[in-house]
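Both complexes shown next keep chain A, but they swap its partner, so chain B is in the first and chain C is in the second.
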Partner chain A sequence: MRTPAGVSAADFSTALTQFEAALGREWVFTSDEDVDLYRDAYSPFWGEPEERKAAAALAPENVEQVQKIVRIANHYKIPLYPISTGRNLGYGGSAPNASGNVVLDLKRMNRVLEVNENNAYALVEPGVSYFDLYRHIDERGLKVWLDVPDPGWGSPMGNSLDRGGGYTTHQFRNHFDAHCGMEIVLANGELLRTGMGAMPGSKAWQQYKTGFGPAIDGIFSQSNFGIVTKMGFWLMPQPDAYFTGSVLVPRHNDLIALVEMLNLLENSRVCNGMSDLSSPAMGLPAPYDAPPAAPELVTLINKAIDGKTDDLDTYAASKGRAVWSATLKFYGPAKAIIAQWEYAKEKFSTIPGATFVDGELIKLPLTAEQKEKVHKVEFGIPSLSIFSMGARNANNPTPGDGHQWFSPIIPRNGEAVFEANRIFAAAGRDFGLPVPPFSIPFCFWERSFLFLFGFPVTHDVEKNKATRAAFKHLVEIAAEHGFGEYRTAPAYQDLIMSTYSFNNHALLRFHETLKDAVDPNGIISPGRYGIWPKNLRGARK
Partner chain B sequence: MKIQPRTVTALLLGFCAAHGALADDAAQIERGHEVFQKWCAPCHGPGPGKPGTTALAALYKGAKPAPLEERTDLSADFIKLYVRHGVSIMAPFRKTEVSDAELAALTAYLTRTKR
Partner chain C sequence: MVSRREFVLSGIAISALPVLSTMAPARSQTPAEPLLPELALAPLYKVIYDRRFAASVTYGAVAARRGLSTHAINGDMTGIWYHDLHPRWKQGPAAIAGLTAHGPLFCLERLSWDFQMRVVFREEREDGLISWVIAARSAV
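So, the complex of A and B:
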């Protein structure tokens, strides 16, 4: 059995006995067979000495048990690593930042405490997955929607605390922004509620976010200052209809005007869904099971990335394909969203050569048959279809063992998309990275673009070493050009936090000041998002 | 042969025990079906958009059914191995997700038509 760093075997053994008294022996996992289930299946250090492995795992079923565990851990200075559903694959899974931590598995805390249809909110525990909450709402016929990330087995709490995103309207896609109220167990075992929840008997915990005084919820996301045990979320009232419309523009450099107009329409709430950008001429983004792009087309794309765009424009015209397309998405009353699309078309018509394709108006709610045909996440329906990416298929006969995401935030303008592609294409050539010929940005976030590169993880140590080196290189050159990542797996959290270094790492130093104040023994997730407790700061890599 | 009341009682008890065992089996299989629906179907169910089914279709190329519920060759040990160890991009499942008892029910369900 592993023991936590700095904890004697005798103390650890005593603590385990006390954990068993608090939880029952069944929910204290110490055998290798059980603890290995907490390995990060997508660890880029898989099988290497640096792979982060837990010493044990504990599975409480209520907040009182969490408090008991934390008090024991604080007494013996045993680091705990809380997880909600532990399915944050690609960004870390269920393994801690440091080997020897004890995973605090909150999956058994799986109660949907409230769903309020009229005020459109939910209050949930950590182990409630998107599937669970969707089922709860669906079985009761409540007319509220979730906003779900791609894999539906994650939890609203865990995903929002890791600042994940989804696919419906602006107000709900940023899952942390859509939360309202938290309950937190602090490192001394004390219970804290934020927002209106700080008032005993409050009747509006999930209806007003900030309560009174400093709003501190943000410090519990991507961090290690407390263990969140309840969290409220605003839900989307079920809309009457859904509609999409696409605008197509003929030339490479039209992306600049296209994005400018898209920004105006989104920021004005003329369109409220998550827009999709694509390139019909480049065939991007490619379906998961598509064969590699033809070499001749890749040559044209590379020339365009280097600023020579005429040949790509000529190629696109010869094929009768637009170079760019933006698909706008609308949720709301049918008449209103059709009128909003008509207005959007007027605005896009200022781009010479712009053409339009009207999508189908879908009346809601969906029928059971429709639910199987649509892109589920756009309708708040959890799914796991995203794993088609990377899974075995006809064009991917030898799949890897996982993936890790490189996810830089890119300014929302066409010039930045071109610049980022120049930078990342060059890095791809230098390092032989699996970056696509041209990276099409995603519109998850309201005011920025997001690039997503999925790097394969294998159980081949040498391949993983090469991938980690390439990942590090990408982070560094991105930072040199002012692009930073929004989220990452524990393997890269120190690296990426080190790029947020304004004024001699003032932000990280502030995090550390907070850490020392609220968790002086460093028992909650040491190292998470680059924040190490005082006693382990020397271990920072 | 004259049937003694004791023999009748013994036969009845045996029938009831067998009937009870069948009922237990059916309940276990039904429980396993629920486990499958919750934890496996999003990837291994029938139809498009199910990465596990797509992967097994590419692996077996028609030699075996791609949806797991149509397989008749799965053994309990095989299922347990994959649930607890994962394969390729499928991560293993912890005991707080699929307990040992639920895993036993799942294997009962997926081996119900084993040949």
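So, the complex of A and C:
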């Protein structure tokens, strides 16, 4: 059995006995067979000494048990690593930042405490999965939607606290922004409620976000200042209809005007869904099982990335394909969203050569048959379909063992997309990475683009070492150009936090000041998002 | 380095698991029919096969001929998870088997952990498909 760093075997054994008294013996896991379930299946250190492995796991069923655990952990200085469902694969899963932590598995705390249809909000515990909450709503016929990530096997609380995103409208896609009110167990075992929840007897905990005084919810996301045990979320009223429309533009440099207009339409809420960008001429984004792009086309794309765009434009014209396409998505009353699309077409018509394709108007709610055919996550339906990809085939003869995301935020303009592609394509060539010919940005977030690169993780130590080196290089080169990642796995959290270094790392130093104040023994998730407690800070540096 | 949409999502087993090769088939077979001894490893609630792969369809047909309840997927487990396995497993462990690609197994394996089940049989074939059984450890 592993033990936490700095904790004697005798103290750990005594603490485990006390955990068993608090939870019941069956909810304290110490065997390798059980504890290994918390390994990160996509760890870039898989099988190496640096792989982060837990020492034990605890599964409380209520807030009072969490408080008892925290008090015991504080007494023996045992680091806890809270997880909700721990399914955030690609960003770390359920493995802690440091080996020897005790995973605090909150999956048994799985009650849907409230869903209010009239004012469209929910209050849930950490172990409530998207499927659980969807089922609660579905079985009662409530006219509210979730916004779900893909895959939807995790939890609203975990995804929100890690600042994940979804696929419906602006105000719900950013899952942390869509929360309203938290309950938190602090490192000393005390219970805290934020927003209106700080007032005993408040009847508006999930209806007004900031309450009174400093709004502190944000410090409990991507952090280690407390253990969130309840969280409220605003839900989306079920819309009457859904509609898509695509605009196609003929030339490479039209992306600049296309994005400018898209920004105007999104920021003024003319279109409220998550837009999709693509390149018909480049065949991007390609299906996962598509053959590699033809070398001749790759040459044209590389020339365009280097600023010589004429040949790609000529190629696109000869094939009758647009270089860029943007698909806009609309949720709302049918008459209104059709009119909004007509207005969007007027605005895009200022781009010479722009053409349009009207999509299908889908009246809501979906029938059972429709639910099977649509892209579920765009309709707030949790899905596991992403796991259907990756089967071995002619174009994918050696499927990987996992992935880690490199996910920099890129300014929302066409020039930045071109610049980022120049930077990342060059880095990819330098490190021999399977770089796509051109990376198409995602529109998850308002006001910015997101690039998502999946680095393959294998169980081959040497390949993983090379991949980690490439990842580090990309983080550094991105930071040199002002591009920072929004989220990452524990293996890279110190690295990426080090790039947010304005004024001699003032932000990290502030985090550390907070950490020392609210968790002086450093028992909650030491190292998470680069925030180490005082007793471990020296070793890290 | 590939984009999310282009990326191939797959996983691999964590546990080291037994490979069974000597168990007797559940009942007499036609000469050309695969033996599939794993289908007799535990009382099975459901057998899952993937229509995208001929070998998996054959597997499903064999299971059906043996009187087992089968469910076809096209790689996507959302339907069987939401409508069948999740409600069933909330009542207690129920063993399932399948012949699928890595992805569906990886997903189901991790979901099954929350219901005190594990992959108790796993055998990768030359074509990349995996024959597997998920059951409560005590069921085997």
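The criterion applied here is as follows: the second predicted complex is superposed on the first by the 532 of 541 C-alpha atoms of A that agree within 3 Å, B and C clash if a C-alpha of one lies under 4 Å from a C-alpha of the other, contacts with A are read in each partner's own complex, and residues count from 1 in each chain.
Here is the rule we use: a residue touches a chain if its C-beta (ideal position, glycine included) is under 8 Å from a C-beta of that chain, and two chains touch if they have at least 3 such contacts.
None of these values were measured; they are calculated from a predicted model.
Visitor: For the three-chain model obtained by superposing on chain A, do chain B and chain C clash or fit?
Guide: clash
Visitor: Touching A:372 in the superposition: chain B (first), chain C (second), both, neither?
Guide: Both chain B and chain C are touched by A:372.
Visitor: May I ask you to decide whether A:401 touches chain B, chain C, both, or neither, giving the answer as first, second, both or neither?
Guide: Both: A:401 reaches chain B and chain C.
Visitor: Please work out whether A:51 is in contact with chain B alone, chain C alone, both, or neither, and reply first, second, both or neither.
Guide: neither
Visitor: Under the stated touch criterion, which partner chain does A:117 make contact with: chain B (first), chain C (second), both, or neither?
Guide: neither
Visitor: Pick one for A:29: touches chain B only (first), chain C only (second), both, or neither.
Guide: first
Visitor: Of the partners chain B and chain C, which touch A:59 in the superposed model: first, second, both, neither?
Guide: first
Visitor: In the overlaid three-chain picture, which partner chain does A:153 touch, first (chain B) or second (chain C), both, or neither?
Guide: In the superposition, A:153 contacts both chain B and chain C.
Visitor: Going by the contact rule stated at the top, is it chain B or chain C that touches a larger number of residues on chain A?
Guide: Of chain B and chain C, more residues of chain A lie in contact with C.
Visitor: Starting from the residues of chain A touching chain B, keep only those that also touch chain C in the other complex, and list them.
Guide: Chain A residues touching both partners: 33, 37, 41-42, 87, 89, 107, 131, 153, 289, 372, 376, 382-385, 387-388, 390-392, 396, 399-403.
Visitor: In their shared complex, at which residues does chain C touch chain A?
Guide: Answer in residue numbers: 1-12, 14-15, 52-53, 73-79, 81-82, 86, 101-104, 106-107, 110-111, 113-114, 127-128.
Visitor: Under the stated contact criterion, what part of chain A meets chain B in this complex?
Guide: Of all residues in chain A, those touching chain B are 29, 33-34, 37-38, 41-42, 57, 59, 85-87, 89, 93-94, 105, 107-108, 127, 131, 152-153, 289, 372, 376, 382-385, 387-388, 390-394, 396-397, 399-403.
Visitor: Which residues of chain B touch chain A once you look at their complex with the stated criterion?
Guide: For chain B paired with chain A, touching residues are 38, 42-43, 47-52, 54-56, 58-59, 84, 86, 88-89, 91-97.
Visitor: Residue numbers of chain A touching chain C in their complex, please.
Guide: Checking each residue of chain A against chain C gives 33, 36-37, 39, 41-42, 87, 89, 107, 131, 134-135, 151, 153, 285-290, 372, 376, 382-392, 396, 399-403, 405-406, 424, 428, 433-436, 439-440, 442, 451-455, 459, 470, 474.
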